[in-house]
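My structure is below; once you've seen it, I'll send some questions.
Should a chain be cited, it is by its letter among A, B and C, assigned in written order, with residues numbered from 1 in that chain.
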């Protein structure tokens, strides 16, 4: 009976030890970089990861394809990831639950301030492009109807079918606000489609207007036209790295490395990076490496 | 690269996610035991309460897990950290097997043994800790085993709300349409469940009263 | 018989009812020191209930039970139970304890030293006729007779003055039952415990009891010494005697030969 008791005691201790070991997610000399589950996000994640690997002694762990803003936020709050690429507009509306408006510098500062005071997170310098919602139509329609702005398009939309992604339909800063601002009406309720299929559907005349992103790689490739947001409905969505303050304190070299990326990616450059992966099906790691070399950021 | 080489290649992350998974399962099972075993003891001694308690635990079990996660998301403090939320949800799901088995285990102790013990002058707590619990421990452990195996499975869904764990590989693999990634999450999770089932089962058998 | 001072156990006008059934009513009885008082009756006569009222496993609806002059309703019920040995038909040995640990439990929780407990256990095993090597076995390894002997040893462990026995030999085969009855008599001659013994078997009652209290439907019918019981004119008593047929006289002569 006493031998049995010691077996029980040992198993209980082992279980407790395992539990304690799993409690604190700490990675001493590793940086964990996260990303969301779409091409642009993990391209940015890969850019950050390769940059850190090239310029510091730190090992980088990639935790990509996290399914959405909330999940990334949870992961960085709990320390499971150290940084991930986000958009200022998304932070403002989806995480801080504020209405998005203002110039991009204001939005950046507001987000940075709130993140630092509330979450122990901070923003690195912006990557240099604005990935906001793009209302895309076929290039041929834009030329034929001679329209360049959304306001001009509202004359024709009652005859059009629209296709949007799920998040765009549901987000407060998405379709609802847009329709209200421009007085938009469509022939039928906009269809909700998978993001990856929207551009194709537009090209194939299944829909006439899609909500895409300004950095969509398929825009030049498929001859799509982005209508200008002349009423400035969409807030700025500057791409920035979100980082844990603790990580920066422990590894200041990370902040330095990210500073080197500041403003280095333009809208066009992001589009071509996206196209290389989505359109040409090239390997993301290679594409990023080539890009960094071309910009002189790595050897 | 086949699955096993992929797992080996990414073993650091597999290990990390496995530890996260263990934390979710471990903490919730522990919490469920701390709440459920005393509750089971109480209803075993006061059968008047057994129906409402068991019925409540039963109702919780019938709520689909993803739905429960969704219900709890807007709750303040809980919803702010999805691993907290996941641990609470997993605890709730672990309650029924633990409460029910504690109840059954204690009621299953030979009444003659309890009567003799009481007649001899054992206090209620001596009776509980020296007689009833040791005799019921095998049945109670069986409930814990069921709870752990359920939790390992449910914890994979917790990744959908950002609580981490091996489910993250599964969801990532689905998004990437990459089987190896899916299996890199599914295989360790299955192994975890099997090891827990086997390990606790062994303990159960060793502790069975003669 | 000893000259009776205060009775060791006394039932004063005790009634017990539960769930609308009157199990015991107007029960008055005294048990003297050193005697074996047998409660005889059929199922439902209230004999087991009376036994359980002594060690407070049950509480009377009215009336009181005095143990050594003190009402057992006041005071520490745990102390009361530890000073009374309790032997039941199913024995109720703790299956996860060895024989030694079963026997030594009450002394241990009473704070006896390990040595004292061990010595007492060896002594008791001898007293109930078991070999010392049984001490390390588990109940499931014992025969029915051995188990009940351990049950008696366990009840005697802390040297209580009083023993309550509820049909202790009822589940055993006739040969073993006869053995244990004989050994009980020898034990009583040595130890002079005050015993309340419940049975429905007149032969056992006549063999073991110094007095037989006949119970029926929750009431005490008569209390008589065995030989008087056999000659009694009381209708229920004589019905019992008739039902049990022959061999009672020799049993009354304590067939220990």
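Note that a contact is a pair of C-beta atoms (placed from the backbone, for glycine too) under 8 Å apart; a residue touches a chain by one contact, two chains touch by 3 or more.
If you're wondering where the values come from, they're calculated on a predicted model, not measured in any experiment.
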(request) Give the label of the chain whose average Cα location is farthest from that of chain C. (result) A
(request) Give me the ID of the chain with the smallest distance between its Cα centroid and the all-protein Cα centroid. (result) B
(message) From the mean C-alpha coordinate of chain A to that of chain C, what's the distance rounded to whole Å?
(response) 83
(request) Indicate the whole-number Å distance between the mean C-alpha point of chain A and the mean C-alpha point of chain B. (result) 36
(request) Would you kindly tell me how far, in whole Å, the mean C-alpha position of chain C lies from that of chain B? (result) 47
(request) Specify, in ascending order, the residues of chain C that touch 2 or more different other chains. (result) 96
(message) Among all residues of chain A, which ones touch two or more of the remaining chains?
(response) none
(request) Using the touch definition up top, name the residues of chain C that touch chain B in the complex. (result) 55, 57, 78-84, 86, 88, 90-96, 105-106, 109, 138-140, 151, 154-155, 164
(request) Could you pull out which chain A residues touch chain B in their complex? (result) 4, 7-8, 11, 15, 18-19, 21-23, 25, 27, 30, 37, 61, 63-68, 70-75, 77-78, 80
(request) Mind listing the chain B positions that touch chain C in their complex? (result) 110, 112-123, 126, 130-131, 134-135, 209-210
(message) Residue numbers of chain B touching chain A in their complex, please.
(response) 12-13, 16, 19-20, 22-23, 26-27, 30, 81-83, 160-164, 168, 171-172, 175-176, 199, 203, 206-207
